[in-house]
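See below for the structure under consideration.
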Amino acid sequence: MARVDDLARRVQRLEDERAVVDLLTRYGFGVDSDEADATAAMYAEGCTVEVDGTTSMRSRDDVAAMVRGPGHQSILPRCAHQMGPFSVRVDGDTATATGYGRVYLRTDAGFEVWRVSAGRWELRRRGEGWEVAHRWTRSIGTADAQRLLRDGL
Amino acid sequence: MARVDDLARRVQRLEDERAVVDLLTRYGFGVDSDEADATAAMYAEGCTVEVDGTTSMRSRDDVAAMVRGPGHQSILPRCAHQMGPFSVRVDGDTATATGYGRVYLRTDAGFEVWRVSAGRWELRRRGEGWEVAHRWTRSIGTADAQRLLRDGL
Amino acid sequence: MARVDDLARRVQRLEDERAVVDLLTRYGFGVDSDEADATAAMYAEGCTVEVDGTTSMRSRDDVAAMVRGPGHQSILPRCAHQMGPFSVRVDGDTATATGYGRVYLRTDAGFEVWRVSAGRWELRRRGEGWEVAHRWTRSIGTADAQRLLRDGL
């Protein structure tokens, strides 16, 4: 019985890690397909999202407004937000994912790398799944991006 | 006993998802290393592959012919087909993977992003592994690519 | 009991594959955040690292010296080493990971793809984790890179 308990705990951890990476992958699908509400639903009410030093979102409404806003709309439908690779640590009902993100853009001339960033995502269990509670993203080429990566080592 | 049955089912699902992503990763190895037969063997006999609106392959022979054809040969050995990230859903003996793909190219000047696409891959269990039954790929920057990603949300 | 043994073996394999990919992902974090010692600790004492045909590292000290050396320092902090996707095979206390790696660079003009490579990583179990014993990396666009990918098929 103790062995089955131990196995159940280990399988749960593998499932949790897989679910966290799946959510972050689908975050890319959400913003690239202009699905503001579905993207917002991946975040916790009362989330914080800090990009390049500015806390630009503090709620699901803010996330939806970002998707619908002029900045993001200006790169639709030409963008591809590809998330990862990530290193994920699950601790009970919270998880941390550290990793990279890239935004590719289709242009008249072909395809270009528009942005490369490092990120730290803190997540919470919500029902059967997970939600993003706090996120920090930094463009590479900065000491801040290096700090995020170092913390994920 | 019911708990062990439940665990076995969950482990099988994790193994299946891992096997699907592994197959799609090795699809990249196959086309980049000019292995037409090994690449074709990853597909089902009677597969369909639709790229940018045209169903260009309907059999393993078609897949092998694509690898050996002038289009693909013109970018060998300079190309790298990097698949993912994917979100995978397994349902018994079928699975769906939604995600991105990138083709990088080595040029005289260095390296470039040659193609970025969204894809939906439908797979079937075959013996110990999986095979690709149907695949849709769309270059990013199109409403069709957005639709594929939206369906994977 | 035999069923639980079988499940334990399968869960161990999934955990091992996940740990190998996690280590290779964090290798990127290590070199990008200028953490020479943490990066070196991911390798086995007596490791070999062959890049584009030259065995340039034969010990943890060599790995740390590479991170601290003029070549790597010249691209810090502007680089992002993103590893994968990988196909991993675990066999008891050894594992092989075949896959791609990309180095992105932030420049005054934006972001560029600085290097795309194929790699074969041979790893050994060490305590609770894994370490890199032997690594071969080849820039794409070469027959050697194709050979590495073909061996991972």
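Lettered A, B and C in written order, each chain numbered from 1.
The rule is simple: contacts are C-beta pairs under 8 Å (C-beta built on N, C-alpha and C of every residue); 3 or more make two chains touch, one makes a residue touch a chain.
Please read all numbers here as calculations on a predicted model, not as lab measurements.
Participant: According to the touch definition, list the chains common to the neighbour sets of subunit A and subunit B.
Facilitator: For subunit A paired with subunit B, the chains in contact with each are C, in label order.
Participant: Interface overlap for subunit B and subunit C, more than half of numbers shared or less than half: same or different?
Facilitator: Interface between subunit B and subunit C is built from largely different residues.
Participant: Find the geometric centre of each of subunit B and subunit C from their Cα atoms only, then give the gap between the two centres in Å, rounded to an integer.
Facilitator: Between these chains, centre-to-centre, one finds 23 Å.
Participant: Among all residues of subunit B, which ones touch two or more of the remaining chains?
Facilitator: In subunit B, residues 4, 7, 11, 14, 112-113 touch at least two other chains, as defined above.
Participant: Looking at the complex, which residues from subunit B come into contact with subunit C?
Facilitator: For this pair, the touching residues of subunit B are 4, 7-8, 11, 14-15, 18, 21-22, 25-26, 28-30, 32-35, 38, 77-80, 82-84, 104, 106, 110-113.
Participant: What residues on subunit B touch subunit A, complex-wise?
Facilitator: Touching subunit A from subunit B are residues 3-4, 7, 10-11, 14, 17, 85-88, 98-100, 102, 112-116, 118, 139-143, 145-147, 149-150, 152-153.
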